[in-house]
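Letters are used for the chains, namely A, B and C, taken in the order the chains are written, and counting of residues starts over at 1 for each.
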């Protein structure tokens, strides 16, 4: 066992006493405890994600499909006849126009969803963090969408959007307006899926940010008020910095999740009309999983998506660190 | 508390009206689909698609009776409760230990751990479900609730570990030091001193883990093919087919599903508040 | 993982032309005599059923009870898997060798695909197949792949024109339309005289096929390995569909929830006609317009300029090659596809038998829905039973949606579909 180097790291609390020598430091410095606490998670993750990932990277360099991967089932023997093809799968995907079309829409979808999630979630969290009557009632009601399983929510919304019998068009007709084929036109369909995803995702963001708000010491606000800071100044000078840790986490994770948000689009529009609302991951799924499965193609899609997100995350981390955030 | 703090809670009447109006609007938007769900569940089984917009139409609890007596709903509910409960307990535990370790110990690679966790969220598993299925089959975890729980760990724990780490970062290190001075081991400090102070963080994490497992459909559909092992999400899909759908059953069970989720939230919410008061008295 | 097959997934049809020689088939495939007394077979058979659990499931569960009474040592685990998930789930489980059922109810179009992947047990000369000559040739053709039999036809169906007699009568039409031209006129008359819509279209590839077949078109020419979707006949068919919409004979259909909307319109008397199959009847009878079942008319799909024809669909029973209970599975499949079992299914839930002999059963003849569909089966066209068959629908669906949405014309649409087919069927011309 080695003793912690104790050098100043980018993680925040290091400044908070890690440098102090003494008996504490020695016991803290034994990594054994830390590793024991981290290992179970890492093992599960490495096995359940690492193995499929490694396998995926391997397959993405071949022309493997369900038909040529080789297997013996009872009396049927199918010899493995797939071959190493290098980067052919990647080249095919990256040179196809469809990929870039879907990428643009995926980026728009992700940016719109995350911005709305965060904006609305923060707004509601700040309101709920005030002292007001019925606060816990509001809180429960606002969190309710989270309690509806995503696939049920997708079906409800599809029904609300229904062009002939939907509730939304029902109200429009009552108001003397014509109905809208919400899911039949590419533009409205895109707006429609974003709305569904925002509806589903805001409660999570709100709860996360509320947790963050509540960890901000009340004394800071009191001190600011003594100094005569306005509400807006308190918000920008205390609330936002206080939420920084939580925010940077939820925004990054929200981006990753939204980028790969499979069920909403799959269940609400099935990618339609045409394939207009299909994001990269649903498109890849359909390409690879309709009929005889294309394992190599799907793996290549997966690796490309992973690579894009890794680049995004690294860039995000750099930005945060350059702004002095201890990441 | 000084009078100033009390003044902070005060607002002009206009601000109060604005605050309530904003929240009411948000509540309306968030509730409307849910209300519609409840209304639909009270309609006759084919009342959901009708050329006329009706709020009520022969309201009755027939659909609920059918769900509870004619389907395997109770079995699914049991499986879901077990799965979500286990996911919650295990998820909170793993997330807390990991988050704590990364928050407090400067072991080699402590930052890579968090980034590694993040990367596991980036791979679109929908696409790689086949290797994952083969892996579960190889481990003998198909049609096993623990297998499903382990799969849910991969979804829930990375985020929860990040949350817990952020939360632990806000707990002053002096508290740990005090524990150590009292002769507790690092585990003991974590378990007896830090965890009890972290209830709000744990509450959010627990709720998140529970909801992840409660509403998940993708893994559950593929991994739990036996009828008696199905969870609610899988079972519910039987009510909606391509060329037919029983919205009565679907909506009634969706409402029933939302109830335990609401109960968990209420439980957690109380802890959220106690956690807060503890924080306040501590200060 | 919903709906990897378009609505085709629930369908089927049959061709009765051969029924003449069917009855005398006798015991041509004498079962191998490994089992002296079949009722002594033991084992556990897991069956993935894809029927509606509420309305159709109980009939099959009752059949299972009968089976277990006859084969006391076989335990049947009934698992209901939604039809739009079963294909995907079976593929996942079958390739892993774990978690797959012993017997699966396989849609006609899946069978050749599963067989080509080595998932299915060849059944030629086994006890699973009893009197193969008795099966209708259309459904039977779907069980074959590379000259071997991989499944046994269970039920079959096709599309028909389903209409509201009252609305047609009010519009001055006693008889249902026999051609597309008549369809358009009838629909416009209904619209003018009753205010209801004439024809409710369902934007789905499978429901486009009758228009194509009617003009003499098709998707593929299997014998010559040719992609023929972009043919003048199909362009004409697409123009017909576009004309039905633009003329007002059919209101512009929704492209999402298209099926449910069309069905609701029919059920509530807001539309007079719809293309659909026998599986839809029980739902239609729940509609307020059809409380009196006699108000519902069923007729062959209207003819195009060449013929009247609709696609063959249906479901087969297939055995997983990796099953550890193959002898028991043989007996189970055999039992579930006897003429008696099919007659029971036809009588109780109106699913159409695949055995010629079942149609002479008084129970079957006494079911008006089955009786009325029987002549319609004459128009059914078997689809190309090739492993890639299931992949053909999505491009066509996207094309249909863009046609309806006015994003592309009939010729452009088929050109796009043709290009996508060439990506799927690489060595076809």
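Here is the rule we go by: contacts are C-beta pairs under 8 Å (C-beta built on N, C-alpha and C of every residue); 3 or more make two chains touch, one makes a residue touch a chain.
These figures come from a predicted structure and were not determined experimentally.
Participant: Using the stated contact rule, I'd like to know whether A-C or A-B comes out ahead in C-beta pair count.
Facilitator: More C-beta contacts join the chains of A-B.
Participant: Can you name the chain that lies farthest from chain B, using the mean of each chain's Cα atoms as its centre?
Facilitator: Most remote chain from chain B, centroid-wise, comes out as C.
Participant: Cα centroid separation between chain A and chain C, in whole Å?
Facilitator: Here the centre of chain C sits 40 Å away from the centre of chain A.
Participant: On a C-alpha centroid basis, what's the spacing between chain A and chain B, in Å?
Facilitator: Roughly 15 Å separates the two chain centres.
Participant: Could you list the positions in chain C whose residues touch two or more of the other chains?
Facilitator: Where chain C meets two or more other chains at a single residue, that happens at 2-3, 95, 97, 260-261, 264-265.
Participant: Can you tell me which residues of chain B touch two or more of the remaining chains?
Facilitator: Only 49-51, 130, 218, 237, 240 qualify.
Participant: Which parts of chain A, given as residue numbers and ranges, touch two or more other chains?
Facilitator: As it turns out, chain A has residues touching two or more other chains at 159, 162, 164-165, 293.
Participant: Would you tell me which residues of chain A are touching chain B in their complex?
Facilitator: 2, 4-7, 9-14, 16-18, 23-24, 27-29, 31, 33-35, 37-38, 40-42, 44-45, 47-49, 51-53, 55-56, 120, 123-124, 127-128, 130-133, 136, 138-153, 155-157, 159-160, 162, 164-165, 167, 170-171, 173-174, 199, 202-204, 207-208, 211-212, 214-215, 217-219, 221-222, 225-226, 245-246, 249, 252-253, 256-257, 260, 262-263, 281-282, 284-285, 288, 293, 295, 298-299, 301-302, 305-306, 309-310, 313, 317, 327
Participant: Which residues of chain A touch chain C in the complex?
Facilitator: My answer: residues 66-67, 69, 71, 73-78, 158-159, 161-165, 181, 183-185, 189, 266-267, 269-270, 272-275, 286, 289-293.
Participant: So in the complex, which bits of chain B are touching chain A?
Facilitator: Where chain B meets chain A, its residues are 2, 4-5, 7-9, 11, 16, 19-20, 22-23, 26-27, 29-31, 33-34, 36-37, 40, 48-51, 53, 94-95, 97-98, 100-108, 110-111, 113, 115-128, 130-132, 135, 150-151, 153-154, 157-159, 161-163, 166-167, 169-170, 172-174, 177, 180-181, 185-187, 190, 200-201, 204, 207-208, 211, 214-218, 232-233, 236-237, 240, 250, 254, 257-258, 261-262, 265-266, 269, 272, 276, 279-280, 283.
Participant: Please output the residues of chain C touching chain B within their complex, sorted ascending.
Facilitator: For chain C paired with chain B, touching residues are 1-3, 7, 9-10, 52-54, 77-85, 89, 92-93, 95-99, 101, 259-261, 264-265, 268, 270, 279-280, 283, 286-287.
Participant: For a test of understanding, state which residues of chain C touch chain A in their complex under the given definition.
Facilitator: Result: residues 2-4, 88, 91, 94-95, 97, 113, 116-122, 254-257, 260-261, 264-265, 320-323, 326, 387-391, 394, 397-398, 401-402, 404-405, 407, 424 of chain C touch chain A.
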